[in-house]
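Okay, so chain A shows up in both of these, paired with chain B first and chain C after.
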Partner chain A sequence: MDYFTDKLSAALVPILALLVSAVLFGIFVAFAGVSPFETYALIYKGAFGTWFSWQNSLQRAAPLLLTALCTALPAQMGLVIIGGEGALVIGGLASVSTALVLQSFLPPVAVQITMLLAGTIAGAIWIGGIGALRHKRGVNEIISSLLLVYIAIAILNTLVEGIMRDPGQPQKSSTHPVADTVMFGNLPGMDVHWGLLIGVMFCIATFVLMYLTPFGFSARIVGGNPRAARMLGLPVGKLVIIICAVGGGAAGLAGAIEVAAVHGRANSALIAGYGFTGILVAFMARQNPLAIIPVALLFGGIEASGGLVQRRLDLPNAAVEVLKGIIFVVVLAFETFSGRLGFLKRRKP
Partner chain B sequence: MDVSQDHAFGVSVKNMSKHFGDFVALDAVDMHIPAGTFHALLGENGAGKSTLVKCMMGFYHKNVGSIHIDGAEQHITGPHDAHELGLGMVYQHFTLVPSMTVLENLVMNHPHIPPVINWDQERHKLEIFLGTVPFKVPLDKRTSELSAGEKQKTEILKQLYLNCRFLILDEPTSVLTPQEADEILGLIRDMANHNQLTVLMITHKFREVLAFADAVTILRRGKNVGTFSVRDLTAEEMGHMMIGAEPIRELGSRKKLTGGDIRLELRDLQINNDSGERAIKAVNLSLRGGEIVGIAGVSGNGQIELVEGLAGQRPIDGGEIFVHGTPYRGTRAEIRNHRVACLPEEPLKNACVASMSVAENLAFRHFDIWPFCQGEKWLKRSEFTRHAAERIKTYGIKTRSPAMRMSELSGGNIQRTVLARELGEPADVLITANPVFGLDFAAVADIHAQIMEARNHGTAVLLVSEDLDELLELSDRVIVISDGAFVHETSRQDADLSVIGQRMAGH
Partner chain C sequence: MGDTDIGYWVVPLAVFAGAIRVSTPFLLVSLGECLTEKSGRINLGLEGTLMIGAMSAYGVSYLTGSPWLGVGIAAMAGMMMGFLHGIICSLPRVNDTAVGIALMLFGTGLAFYFGKPFIGPQAPALPSIEFGWWSDIGQIKSALSINVLFIFGLVMAFVISWGFKSTRWGMIIRVVGDSEDAARAMGFNPNFVRTVTTAAGGALAGMGGSFLSLFYPGVWHEGLSSGQGIVAVVLVIFARWNPLGCLYASLLFGGAGALGPALQSVGFSGGYHLLNVAPYFLTLVIMILTSSSKQRLSGAPGELSVNR
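Moving on to the complex of A and B:
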């Protein structure tokens, strides 16, 4: 019973926040001279109205599943990592580099596996390093993770405009393309790539890791109270760095999948904001890896509907960005209500 | 409205009630404190003492009841009203700004500070004021350099300088040595005798009530048990009235144990505090099985750093810790092999995860081995629940279910949960700091009995405490810590309170 009310109360806060955001965004579009009801009907249609829009939403949800983990897992250790975008970019770069080196002499399956591994490892080192700086030097992880996003983007730009540039792409600086045989196909019967399945599996696996294993249990003790963890003899620093690395690995993997399943090369298209939307997904999911799955789908849908809203209502494309921004602020504001909703509150015995 | 004056006045509280939701914190309390008297307010934790004085000071809004000053009803809607009327309060914790001098602290405290302060004029005013009160403090010293006694005097002066004639003291002596406490309470007593001040003091210490107070009001569960003249009471009677009919666990008798093996040894141990200064200065200690060694000291003399160092919460900066003769770093394997248990102060902050369940918190020591864990890979939830149900029953933890969050338990039950975890299995070494801080009478007696029982079963206990009564009751040896060094050691039989007090103060 306690477990049930706990989960109910945990789910209720984000749902209320979503409703409040819907009202605020409705007021916003009303000022722009558009009916809020028509807008929401269109957002629904663009996100989940047809099989085509469903597939579009799922495709966009795939990277969000992984970038959300980059915030959600460190958050369970009490760290606020907002640099998933950087890990995604670095992961994409690492995977494209390995593919370009290996694809001429390894079979495609082996290249695909090494691409995913390379992306994961690069992301793990990127965010694991932030955890290490935090633990060993006391560097604030919010600031370092954000600043490292700009460094990651700068590295990407330097490479695609420099030594990795494909001269055959004059309009947009890009790396050489990955061979077509190496590119990921789609899931059977749909127009959605394999990255979706990998993302869902990763979410389930980290949930199992955090909640069903002694390793995850010790990590949650560290996240809940580092002083108690030290008293219990747990290796606090090691756990912080490993969990950060797992989260960073997820975002790096998202970058590798974007390369291997969507773009086929690394260029500025990697910087699509999935890392930042992932922060929003993680907070909305209250940092729970399983809850990330439905929330990522919701935000994939909101992103997918952007084009339709723009064409039909003559709203700027940024309108859905405004919606995401409003949701983020309201979700954060509602965090203070968690566990305080009167009708769910229990008395001390 | 302005009744501030230069002589003491009496205060009465009539029919005062205060509810927090369904919880009745104060239930129709009447109390009369005549002008120029020293009145004590006794009661267990949670009996309503703080709530009562906070209602008087206007921090809380009473639900029912009235406050009368010299017989006239006054409406106090906030602390500002209380100050205007001449009511002042000294809190349990210091509220001075450490980086400012005593002079600055006293001037800053005034409600109307001019935009530009004429320091010569302020100093002159203060010097005239200091001539009228018995407390002496160095005006130009930074408050961070003051002793605890001087800080407490400054806190009291702050109130007197605001022309406070009714002074509420909330456990004013908890961080003072016995000598400092006697001096300060004696001076306040004199002011009351000269009808300059009326005093209401919240306390736990019967000795202070008997030595300084005229009358005592005893609260139990929000109700006034009675107001008595101190002359008509003994400490034993006061204790009985505070706790009511609740049964109190007897402290088990001290078994005679000699020649236990050396369990814990500190060799030239040095530990730094947060700002990198040496807080523990090369201390040595050996602790044998079957003895309790008490560490006495005024708070802030290195006790926190010592306990954190031993508990693995703080790195050590020199020297070594040995357990069973081998170097000890507080890793999980060492803790398990040497069976080291720890009962820290403020258990919710130091030993629990508030957001996790009682069952999970109870399993913190053994979750990674059989039977909590199968093949060291998968947690076995059913074992968590079974183990928790058993411990909850044995240790009388009041919780509705093992799945309840730790943060939903009361303080006593949190401490009991940690006790069940740490002493649920036999321990070779127990490190404990202020284990009963903030707990009620019954819980204190229970935890003391458990510590004594562990000692009688051969556990080596290091007890760090700010409460001398607790130390002298439990310890076989008492060591005094002052400024990070062990400055005095005495056996239980030869312990002399006045010597210990002097050493605590660094003399």
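Moving on to the complex of A and C:
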């Protein structure tokens, strides 16, 4: 019973925070002269109102599942990584590079697998390096991961305007395209690519890793109390680097999927903010890989409804950014209520 | 004012001029962050504050024609953002770094939302003081035209440095930053002091933003700051929480940031994007060289969560 009320209270706090954010954003749009009720009706319609919008939301949730893991897994060890966007960009670049080299002589399935692997490995090295710097040199991981986002974007821009540039794309600097035969198809019966399933599987696998294996248990001990972990003789450095690499691998995989299933080439379209929204998803899911699945769907829906809200209500497209920002701030402020919802506590007899 | 051909002298001159120009937002933001961190809290949201400051200053200057009013409004807006951070972090069990990340995204979103109509029109810019009146060479003249906000930041660096050492308020901030228990025992309310320093730091960061949109580069667009607020947070660590150190560090970073445009002006155009992120590389390298996993950094406020 206590276990159940604990879980209920853990889920209730973010839900209450979401309701409060909804009221605050309603007031915000009311100031812009737009009816809050109409706004929410449109958000619902654009996110989950029709089968078409459901598919759009699922498509956008796919990368969020993976970028959220990039924050959530290191957070289990007490590290705050906010550089998922950088790992996504680097993963996308790595996957497009391998595809361009290999697609002329390998069968498409082999190219697809190497693309995913290349993206994952690149992201793992990118964020694993941040974990290594944190452990070996005490470099603050929040700041280094964010700085590396800007560096990753500069690398992407340099390559797509320089040596990797496709001269056939004059309007938008891009790499050469991945062959059509290599591109990922859709899940059976729907207009959503395979990346969604990969993302969900990754979340479940990392949940099992973190909560049901001795490895994950020792990693969470490091997060709870590093001194105790050292006393137990746990290999703290190794755990930090591996968990960061797994998180970075997830974000890199998201980049590879965006290339292989959506864009077909690497260009600035990769910098769509999935890495940053992933941070919010992770915090709202309280860094739990399973809870990431519904939260990513919710935010995929919010992202998907952005266009409709913008067209119908004539709000700037940054309205969605404001909504996400309000939710993020309120969710964190509501941390103060966690475990304190008195009516859920069992009364002492 | 004609440009004389002075050959490759253009590069050091442009780096010098650029160091002052590019460093001004770094200087104002890092002074604000220094003030906040000395009281034992870290505000990572200054990146968002910088964007809000830039947008509101540009908007007000465009609508009213007065760039100075824009600077004032930017400072007010920055103060509001700092105040919000201060209040939320005063709630028990709320993590200041996480709230900073959230406010960074919130602030950028707000700036994009309200800034949409100001992308495009040209707002009146801030004037600068011409220190190059003695020279006939155009490049020297333009290198020595220094903005008032830089001079303000310069003065503030000395004032804050003196304030920490020699004023009652300065000492209260340092006590609160070093030991919450000691501050409580002396009868100060740490949350109140920290909220005040975060609001003041936000005001300085907002002014830093106004410099970006009203002087250099002097336009408003959505990629205006791209991480300068975060670099400024690192500068404070690099400067060992010393306001004068913030001044020198900002100048160094300003110089690194000016290297790209300076090399471009003499026709060296390779790696444009990479040169633009030179300050981020430099920041990262400095963090790797100066951090240590064995001990805390000297001069770090005891209550600061990033160092724990």
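Keep this in mind: the second predicted complex is superposed on the first by the 344 of 349 C-alpha atoms of A that agree within 3 Å, B and C clash if a C-alpha of one lies under 4 Å from a C-alpha of the other, contacts with A are read in each partner's own complex, and residues count from 1 in each chain.
The rule is short, and it goes like this: contacts are C-beta pairs under 8 Å (C-beta built on N, C-alpha and C of every residue); 3 or more make two chains touch, one makes a residue touch a chain.
The structure presented is a predicted model; accordingly, all values stated were derived computationally and were not measured.
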item: Fit or clash between chain C and chain B when superposed on chain A; value: fit
item: Chain C versus chain B, contacts on chain A by residue; value: C
item: Touched partner set for A:Glu335, first chain B, second chain C, both or neither; value: second
item: Cα-centre angle that chain B and chain C span when viewed from chain A, reported as a multiple of 10 degrees; value: 70
item: Partner chain in contact with A:Ile151 - chain B first, chain C second, else both or neither; value: second
item: Touched partner set for A:Leu133, first chain B, second chain C, both or neither; value: second
item: Touched partner set for A:Arg227, first chain B, second chain C, both or neither; value: first
item: Which of chain B and chain C A:Leu212 touches, first, second, both or neither; value: first
item: Partner chain(s) touched by A:Val80 [first = chain B, second = chain C, both, neither]; value: second
item: Which of chain B and chain C A:Ile326 touches, first, second, both or neither; value: second
item: Superposition-derived minimum Cα distance between chain C and chain B (Å); value: 5
item: Chain B-facing residues of chain A, complex; value: 1-3, 6, 212-214, 217-218, 220-221, 224-225, 227-228, 230-235, 346-349
item: Contacting residues of chain C [partner chain A, same complex]; value: 44, 84, 88, 91-95, 97-99, 101-103, 105-110, 112-113, 116, 226-227, 230-231, 233-234, 237, 271-274, 276-277, 280-281, 283-284, 287-288, 291-294, 306
item: Interfacial residue positions of chain B with respect to chain A in the complex; value: 22, 311-313, 330-336, 342, 344, 349-356, 360, 364-365, 367-368, 372-373, 376-379, 398-401, 403-405, 408-410
item: Complex contacts: residues of chain A adjacent to chain C; value: 80, 82, 133, 135-140, 142-144, 146-151, 153-155, 157-158, 161, 276, 279-280, 283, 316, 318-319, 321-322, 324-326, 328-329, 331-333, 335-336, 338
